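Labels for the chains are A, B, C, D, E and F, by order of writing; each one numbers its residues from 1.
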Amino acid sequence: MRPSGRKTDQMRKVSFERNFSKHAEGSCLVKFGDTHVLCTASLEEKTPPWLRNSGKGWVTAEYGMLPRATGERMRREAAAGKQGGRTQEIQRLIGRSLRAVVDLTALGEKQITIDCDVIQADGGTRTASITGAWIALYDCLKWMEARGMIKVDKVLKDHVAAISCGIFASQAVIDLDYLEDSAAETDANFVITGTGGIVEIQGTAEGKPFTEEEFASLMALAKSGIAELVDLQKQAIA
Amino acid sequence: MRPSGRKTDQMRKVSFERNFSKHAEGSCLVKFGDTHVLCTASLEEKTPPWLRNSGKGWVTAEYGMLPRATGERMRREAAAGKQGGRTQEIQRLIGRSLRAVVDLTALGEKQITIDCDVIQADGGTRTASITGAWIALYDCLKWMEARGMIKVDKVLKDHVAAISCGIFASQAVIDLDYLEDSAAETDANFVITGTGGIVEIQGTAEGKPFTEEEFASLMALAKSGIAELVDLQKQAIA
Amino acid sequence: MRPSGRKTDQMRKVSFERNFSKHAEGSCLVKFGDTHVLCTASLEEKTPPWLRNSGKGWVTAEYGMLPRATGERMRREAAAGKQGGRTQEIQRLIGRSLRAVVDLTALGEKQITIDCDVIQADGGTRTASITGAWIALYDCLKWMEARGMIKVDKVLKDHVAAISCGIFASQAVIDLDYLEDSAAETDANFVITGTGGIVEIQGTAEGKPFTEEEFASLMALAKSGIAELVDLQKQAIA
Amino acid sequence: MRPSGRKTDQMRKVSFERNFSKHAEGSCLVKFGDTHVLCTASLEEKTPPWLRNSGKGWVTAEYGMLPRATGERMRREAAAGKQGGRTQEIQRLIGRSLRAVVDLTALGEKQITIDCDVIQADGGTRTASITGAWIALYDCLKWMEARGMIKVDKVLKDHVAAISCGIFASQAVIDLDYLEDSAAETDANFVITGTGGIVEIQGTAEGKPFTEEEFASLMALAKSGIAELVDLQKQAIA
Amino acid sequence: MRPSGRKTDQMRKVSFERNFSKHAEGSCLVKFGDTHVLCTASLEEKTPPWLRNSGKGWVTAEYGMLPRATGERMRREAAAGKQGGRTQEIQRLIGRSLRAVVDLTALGEKQITIDCDVIQADGGTRTASITGAWIALYDCLKWMEARGMIKVDKVLKDHVAAISCGIFASQAVIDLDYLEDSAAETDANFVITGTGGIVEIQGTAEGKPFTEEEFASLMALAKSGIAELVDLQKQAIA
Amino acid sequence: MRPSGRKTDQMRKVSFERNFSKHAEGSCLVKFGDTHVLCTASLEEKTPPWLRNSGKGWVTAEYGMLPRATGERMRREAAAGKQGGRTQEIQRLIGRSLRAVVDLTALGEKQITIDCDVIQADGGTRTASITGAWIALYDCLKWMEARGMIKVDKVLKDHVAAISCGIFASQAVIDLDYLEDSAAETDANFVITGTGGIVEIQGTAEGKPFTEEEFASLMALAKSGIAELVDLQKQAIA
């Protein structure tokens, strides 16, 4: 039995609150149960130095957690003077995941920065971030389209969403909350597009190594869960 | 006329959403119009080194802004590797304001850290932070009282709230929003207790210096506005 | 009785030693009793990025304390790797105070940096810094005038000086030294121009909150003291 | 055809030079073709704070690249003042991979730090690091066994090695060198134990998303390659 | 001819102003012509970690330059976030030089930190620092002796002073000022004790390499100059 | 007797392994006994800002130690977030030493960065670095000559090499290893050109001050040792 009483293939309640932020070109408060992440998309005219005069744009992401998003207060990274390794790993993952569905040439020499800030954490902050970031990115592109800057259909090639799966109490389960995440034997994150293409797989044995069969069962859960998330994204932007 | 159409002595709509955060001992989402700040209070057993074995506790604050809380995206302080001067000024102000109404000896050797994170900014983030932080602190103390650790009445001596006033278009106005703040000739922040004691005054001429009379008119507005804020705090905790 | 035996409205002996530094365009060693601050003004052709091609110049300030300026040695900020919150607060205050009396357009696209370095501290380092910085700035502008770069009268609109006042042993006193500062119930800093315009007010309750009447008595002391400081500035540049 | 002329399932020449370092308790210069990594294992009595008095030890890793290990000189991280996100990702991966085969309780309250420093890079530095780190760790444990501190068989539960696989020119290939890595459509790293347990999987679509079938072909290559690497480890310590 | 008109073996006017600082246990404003350095000695009960329970004390030094001590304003190291290589080199040199004449066991488990802050620079700041630091150290030890903590004669074994010599316009000259220093072909710093023991020699060819004979002539100048400096130290403490 | 059994004027076995690195324009693994340093020379088109449009190039150096190059593991400077004072001192010395034999105008507006990374340390890492760096620099210049960019004979004016000498057990000895270095009473480093010109002398009394005669004996040893090192450099590039 899962601590939350969910079935093994049952995700938490997922919701998207678009236009959460008054200022950002696109924004979305995404909730995977008690995990709440504010995703904002900011359009800037500048691009990174290595893309100057290439005709290409860039999509990048930054990730942060409010100090008391978690059960115990964590030190504020701004006060510590640097972003930790986990933060950097996650923000690199979010950026790669989004770029996988963006045509950077069609975007043109602009940069969109997605900020994913965890307001409250209960496991799965990176997967919620990616899934919500797609909505913020979509709304930012819509904002640009409304101003004649781009065509959304040319720039955004597909949906992308993410989910975690893991072996908890010897069973493959989807969308681990914090209690499950802390106790899971294996933890894997999947980033998959709307048409089922795999963008990123990260599987880690937390305790003992896992087998190919176990991994296959996680991937099966993920594919089905992400299809559901993509449906929810579609409803959210309808 | 004020850009928002408000009267000179009219504050924006103020609201407090208690228990916004699942994890914190106390928390409050405070809104002064479009300025939204999440305040969380975290209880820790440790105290700063200079208080060890003194029998006294400590209340401190940290302040941050999400990168896209503002009209243009600001660089994330964690990425920049340090907190800016403005951030440090504000978090020191919040901490001093709260300590002015706390009996640190009655608190005992514990530390409460108030995190004020600006989700959306439209002027007055520091005054909203102080006003909301008091609610988060109150709820944290209630949490402690429920566990027999303290008596709220012994620790928390009074309410405290804050408001900005300024000279805008040659008129003294209360609770400046961003448009007013950017154009104000004089800007002042007042921190005042429930019984009308002044905790902090910060007045700054942005353009030409101001007169003692102008300052007196700002203080009159502030006293009345803070009395109103304290009433709202009382309703919120009722 | 004040520890120093001074009357409540009696400032410490104030002196200005102009041209203390061989290299700087303007410089002044200012003493408020045992508080000694070296102020230097450095002219640079560059301006901050946000003023490029605006035709406007900039006046900014940096503040530092020698590690053993104080009763106990403090850690050197260069060794600590960052400037503390107090340092940043003070240097921002000095810069704002000076800019309040400078016509940045008349200055033209140049930057003057005022460095205020505390050689010895005995309370009131920020107010001594502002008061001495005005002399250094004046001499720097004179240096520029001698080279046909500007007219001092066009650039420098007024004097500016600063003083601290506080409630010590239940009495309003002016120009607190370290002993008074550590024990004061309320501490306020005032920055006022030669013509009596208020540039900055910062009042803080250190112990219990203060009343409007107490604050009025502090401001009365400050106005009279600053008039005296401005007279001393006038004598110094005569 | 692969740029190096290798077959799709052919790894580069792999070698281990044990005891490369005079000082370290264990050390190994590992070469995967032109990728050369020096791995040293350092035993320290202290453990991380969160393990104090737990009876458990810790194995951790740090990773670095000499500035001219690469085709173009990279900025030295010590001069830049921080470790980049990629560095942190890799060193966290190495640490996790080794801990997966170590019994931390049998190790006792000690810490072993594995430093993996890339002397020359030609793709696959993280997989070479993990594979060589295991040798350094083994030799460090042997050193401890020789002093009666532990039993190697109790502490080290299995071999662990790593290999990269990718889709290059539409074909699944193993052990990508730099030329392949830069042009690969999909890049995956696998960390697998001597008994075939999977410790870590990281698959990333560099260009277009990949399919489950493609991923299966990468995993098949990886399993066979790692079996070979484990054999080489066994020969090296024989 | 030297720019200053001095003879080749003529040092600048040297003066020591003892007790320059009200707070420090020992202090001295040393002037070598227009080079002015404030040296303070601070006594602390703590010692560095590696000396704990060794019965030995420590003498260390820190060095800094006010931003406008020089002809052009230099960036403040506290603002830059780190001490530069030159600063670290100099402060390490000052510390070593002083420790060469101190019996650390006789000092006992205490630390004396000498801060050398350059108020105005005109070449030779490190040699002036060492020479003045000895006075500050002496006065700090006298302060300790007056409190029965140590015997100065047991702790301080000798005088130590420093001077720069160089080849300027093909001639060996002593005590280079900034103009000479910038144009010197060879620059050497000597640290020598009161009894003529050599503590430190640092010679650097700025342009073409120098010969052993040239170096001998620099050393001869240095020995004579330092004898003179030691005499001045003796007069200063008489 | 020396711990290694060497005669007082006997250096350790010295070797140079050219082209150690596949990528660098010049590279050399230099060994002074158990001290092993990898020196790479990297050519870059950019020059430091102060040389732009001067027609001159620049040669600079960076120095690092692998964490376990030493008997006890040292903290990685990249993890600590800054280069220590010793590192900065050494890299500045290496850069100055090389520039003493380079005609920067003949080099043209290019920068060569020499990275000296200590793979294993047993005393004398800075002298080995300088001696090996010359080889790496030579090979880099040869690489440039082969591409018609410069003439080696115009750019490289002489050899340069370095050796340490010290007073160990009351005797002057050359090329101190770690055991000697830790116990030496006096330690001196000499940098001398192929034609016997002195580039740098650094002598430090570790215990009691040294005499001019002792220093002369160290210099005599150094001159003879460096002549030998230059011969070895000549053989290496023959």
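The rule we apply is simple: a residue touches a chain if its C-beta (ideal position, glycine included) is under 8 Å from a C-beta of that chain, and two chains touch if they have at least 3 such contacts.
Predicted, not measured: the structure shown is a model, and the values here were computed from it.
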Path length in the contact graph (chain B to chain E, fewest steps): 2
Joint neighbours of chain E and chain D, given as chain labels: F
Partner chains shared by chain D and chain F (touch criterion as defined above): none
Maximum centroid distance from chain D, chain identifier (CA atoms): C
Chain pair repeating D-F, as identified from E-F, B-C or A-B when over half of the contact pairs by residue number coincide: A-B
Distance from chain D to chain A - Cα centre to Cα centre, in angstrom: 28
Chain centre separation (chain C, chain F; CA means) in Å: 50
Residue list for chain D, restricted to those that touch at least two other chains: 81-82
Ring topology as an ordered chain list, initiated at chain A and continued via chain D: A, D, F, E, C, B
Contact footprint of chain B on chain A as seen in their complex: 21-24, 27, 34, 38, 40, 42, 44, 62, 64, 66-71, 73, 76-83, 87, 113, 115, 117, 119-122
Chain C residues within the chain B interface of the complex: 82, 84-86, 88-89, 91-92, 96, 100, 188, 192-193, 195-205, 208-212, 215, 219, 223
